[in-house]
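Think of it as A, B, C and D in the order they're written, each chain with its own count starting at 1.
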Amino acid sequence: MIGKGPWSEAPKAASFAEREFQVCIAARLVEDRKTYWVAGGGGPMYAVLLAKRLYTPDVIYVAEDGVIGAEPMLPFDPVMTLAAARPSYRALMWSTMNGIGDHCAAGYLDYGVLNTLQIDPYGNLNSTWLGTYGVEGRRFNGPGGADTIAAMCRRVVLMLDHQRRKFVPRVDFISSPGYLDGSPGARERVGLPAKTGPWAVVTNWALFDFDEGSRHLRLRAIAPFVTLDQVLAEMSFKPLMPPDGKVQTLEPPTEQELTIFRTEMDVSGQFTDTAAHWIVKEGERWSVVAKEQSKKISPL
Amino acid sequence: MIGKGPWSEAPKAASFAEREFQVCIAARLVEDRKTYWVAGGGGPMYAVLLAKRLYTPDVIYVAEDGVIGAEPMLPFDPVMTLAAARPSYRALMWSTMNGIGDHCAAGYLDYGVLNTLQIDPYGNLNSTWLGTYGVEGRRFNGPGGADTIAAMCRRVVLMLDHQRRKFVPRVDFISSPGYLDGSPGARERVGLPAKTGPWAVVTNWALFDFDEGSRHLRLRAIAPFVTLDQVLAEMSFKPLMPPDGKVQTLEPPTEQELTIFRTEMDVSGQFTDTAAHWIVKEGERWSVVAKEQSKKISPL
Amino acid sequence: MTGKSLRVLDEGQGEYLSVDPDQFREWTGRKERALVAKLMSPAEAVSRFVADGDYVVWETNYLNRGPATLIREVIRQRKQRLWVGGKFTWVIVAMLVEAGCCDRADLGFFVGGPAVTRAVIEKKLKVYEYSNLIMTARLRAGAMGISFIPVRSLGGTDNFKYSGAKLLEDPYTGKPTVVVPALNPDVALIHVHQADQYGNARIFGTTITDVESALASRKVIVSAEEIINTEEFRHKPGLTKIPYYVVDAVVHQPFGAYPGECPGLYSSDSNHVVEILGAINGDRVKQYLDKWIYGMASDEQMLIERVGTPKLRELQRRATTVAAEGYRA
Amino acid sequence: MTGKSLRVLDEGQGEYLSVDPDQFREWTGRKERALVAKLMSPAEAVSRFVADGDYVVWETNYLNRGPATLIREVIRQRKQRLWVGGKFTWVIVAMLVEAGCCDRADLGFFVGGPAVTRAVIEKKLKVYEYSNLIMTARLRAGAMGISFIPVRSLGGTDNFKYSGAKLLEDPYTGKPTVVVPALNPDVALIHVHQADQYGNARIFGTTITDVESALASRKVIVSAEEIINTEEFRHKPGLTKIPYYVVDAVVHQPFGAYPGECPGLYSSDSNHVVEILGAINGDRVKQYLDKWIYGMASDEQMLIERVGTPKLRELQRRATTVAAEGYRA
């Protein structure tokens, strides 16, 4: 999925947060000259903006409130990632929520990029309830715009933390549709547009896609700072392996990627700071350090 | 239907075109503080504008392209009664055709006023084809916006020339719905909103409404310059008579109505000129004179 | 499976353009998303994006901000077998029929004259009956990417019989409800006040279904009175009515709505309006076409030689001295 | 009768607000059509037009041009048993639930915290599951005066199961198609940039379903940063988003979206944003309500005494020095 690119030749960073790594990987998946619907802020938004800044200048960024092709004024105020002046700045068009939904239903929005809480082998997403729905556990935000994106964009990129409790054999609640039970035509049988569905999953440790036949999650590559065993141990089900059996190693963030990200996007460190781990390269060896410690190490 | 009004005490005109009479009668039917959807120009538009100017200042005029509450800049260029700058002038809002259609479906547009080619006893309208549809006869403009108005406004006022070939037992083609076959619930059975339908018919000779039970056309009043026999002779079916059996006589145009109409609205005489007959009062006697002759008599 | 079902109470017998939102998405999936220049002449735009047999809609009409230049170019290029959406139109259907361009029409409002009556009776023109609002509802459904939409009019008319509408038992109220099929035309022709080279477009004043047609159609040609810089769109994004990614061709065409009005910019040419109306009612449309279209190599020639600059200046003056409020950014 | 029928393939089991377009028309038929002054205080507007048991929607949220003053007034007046449409909202559902105002919610996106989890598990709050776009589709159908509308999302999710949606055999394509019921709320609360005394309203920037909610709702309260003369609407009718005749009350409320942003006029108050988020996630919403709502006689008092003029000036300065393009007539 991610082949060589401008990042391959560029100088690599020796220290970065796992979340920064995840954003860079997602950014490298961005396809130029396509429309991207990004739900809210966070990793999905940063990935697309970073790609647009460095690799794919002709990407068009679309937001749920109907902002089309903005050149957002970064950084944003806390939480103000949608329906506010800065994210809407210098747009080509300000539409409405139904308006942009129409554009998506009519097929004008190519890619969606989504954060999620929980995922199953068929890319179904849960952002509604962890536990037994309505009986015990915890209520979360609900699908928001993610259901729309997951249903109607042509290809959907999912982002989540690489944790065992997040990769589950069956999500507690399907908030946004993946390939449902994975059977052929499952999405069409419930009224969803043809030729849509999850396309990639990017975590802080690994990159996945979905097998075209079985629609099952398939591992493609892992971070240089983890082992395959670590990746699989932090999943409650076993993903398929790559068609050729070779799990690739993802290239670490480049210095340029991180400079842009840190100085123009996550300027306050708010996004990065919520990640648990920083990755530091010492010689040829990657090590994971705690956040407190990393603060001292990080050059920024 | 038309009781006494400001027109009753006002000085009456001694000479006017039949079309002018018809516009004045329709104007006196206008209810204040209501929204009026008027299809295109001609009599319906003039009736509402004349009423707004003289009797019902709080009437809101709505046009098919989504102009709401305009204060039109009169007179218009020939044929330019819709979607142009002058009829749209000083509106409260410029919407769209679907937009104003939504307002109508949601019940915000009270009255519609329509011209039509042919009408039947249940107020069904034909503006599509005279003759056998598609086989012989003549194709006309089609329903345009009239179907919408006839279906969804709460009360509809119909305007047409008083001619035998225009009042027919059965229209050749239902372009816009009246009470269909007149049976209870006929409109609801085909999906039309409840409590809607034709409410009055205004010709150059007479005023009608519809019996609430049978939904059949009912004569209420006639012009002072025609007899009941003349009115009935120019209809291919027999209307019901008023509940009390008394056919009222309509008051002729006032001088003020005509002055406003001629100096502010039909300034070129284009609308009036297409009518066949002028009415002239000599002493206590009304006479009908040919157009050419009337031109000399008319004070304007 | 619930075992429940909804009765289909009645169905119109009119043929309708095949409905398949997923097929429409296949098409939109192939359209360009990047900001690429799309400026071209009317001749090139019509030649590349209007094919014989296409279903064509245009917005507004020959009187009011209609794509008059584009329509004349369709006639000049002698396109054939078009199926047209004749809602809120005026003389254009009659012009296309007499020019031999059109053999099917979904109708709302139009001015046809003897030529159209003859074409229908001789079965050279198939007509299907809707209304202005029903056609706009169909286009809205097309723009929404859905296959049908409920409406509160059309029921009970003979239009229903000659349309693609159905009367269903409503899944929520149980009452009879009319639904109509979505419309995804092959081509939309739209004339606007301002566009940029990529197809972003502004329209001032009311719109008919300009936005919906642009979204619903496979190929979209926008002609514009003025080409403005994309920076202007970015300064006032709330004024953008049509986004560039639905547009295939941008034609810079001042007086592109002539003889109609472009509100705020120029008035209609009353003499021409009377001439075309007279031609249609008097069965002389062919002469009109010869004089104004076939006899002219382009609208440029027509505007300069046949209409003349003094007349154009007068039409501008008449529009801009009165009632021009609200038609500018 | 055609003898044909369409299968109902699946149905959500969620209760939904009763759908009857004709009943909605009965209501709109009684509303005033003349231009009459509707200016009143937030307290009077909420007192007159929000009743216990009403279905209430609001537009946008506590962060972005939301009707924050009106929501606080609903809480201050201790309205009860509201059913709310929680799409694209943020903390307002949690505030209403903790204030005891709300016992049913149709949800799209919201931030709930432990209080909402507890209310659901204890069955003090019934929830029905949609998404932002499905709720906007329902409101659009309500605004269109129809009873339902087809959509291309929701199918296959568990939201579908807990919603009022149905999966039908499409009358045109024969394929499975999801339809959702129209929504005609009792009340819409909307905050706008400019309104006149009659209720004509302008909003700059994107809208969520401000226009659709205004059209779809029985009672509409508009609060506005600025009251302008009706003449201004007549000069630029293209800028009017909401027509006066759907509006019941107009509230002049500068900073009516505080602590949210009103784009072009003032920024959000970041400290307050963090405070309410912390209150919700830390299960301290009641303390928040005491401090900012119950403890204040009105938003006037809150803005002057609790927030303070220097802070308000700072929020204005931050908004108008950057990114303010496009938010003015």
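The definition used in the following text is that contacts are C-beta pairs under 8 Å (C-beta built on N, C-alpha and C of every residue); 3 or more make two chains touch, one makes a residue touch a chain.
Source: prediction; values computed, not measured.
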Looking only at C-beta pairs in contact, point me to the busier pair out of A-D and A-C. A-D
Compute the centre of every chain as the mean of its C-alpha atoms, then state which one is farthest from the centre of chain C. A
Counting in whole Å, what is the centre-to-centre distance of chain A and chain D, each centre being its mean C-alpha position? 30
Measure off the straight-line distance from the CA centroid of chain A to the CA centroid of chain B, and report it in whole Å. 62
Using mean CA coordinates as chain centres, what's the gap between chain C and chain D in Å? 36
In whole angstrom, what separates the CA-based centres of chain A and chain C? 41
Using the touch rule from the top of the page, what residues of chain B touch 2 or more other chains? 67, 88, 90, 94-95, 105, 152, 193
Residues in chain C with touches to at least two other chains are numbered 10, 21, 145-146, 151-152, 175, 177, 205, 234-235, 237-238, 325-326
Drawing the touching chains as a network, do you get a line, a ring, a star, a complete graph or other? other
Throw together a list of every chain pair that touches. A-C, A-D, B-C, B-D, C-D
Residue set of chain A touching chain C in the complex reads 32-35, 58, 60, 67-71, 88, 90-95, 102-108, 110, 152, 154, 193-195
What part of chain D is in contact with chain C in the complex they form? 1-2, 4-11, 19-21, 145-152, 166, 168, 170-173, 175, 177, 179, 181-182, 204-205, 234-238, 325-326
Under the definition above, what is the set of chain C residues touching chain B in their complex? 10, 60-61, 63-65, 86, 88, 107-112, 114, 116-117, 120-121, 127, 129, 131-134, 136-137, 140, 151-160, 167, 175-178, 205-209, 211-212, 261, 263-264, 267-268, 270, 273-274, 277, 319, 322-327
Over in the complex, which chain D residues touch chain B? Could you list them? 21-22, 24-29, 31-35, 142-146, 200, 215-216, 230, 233-235, 237-238, 240, 243-246
Which part of chain B faces chain C closely enough to touch in the complex? 63-67, 73, 77-80, 82-86, 88-90, 94-98, 101, 105, 128, 133-148, 150-152, 173-177, 180, 186-193
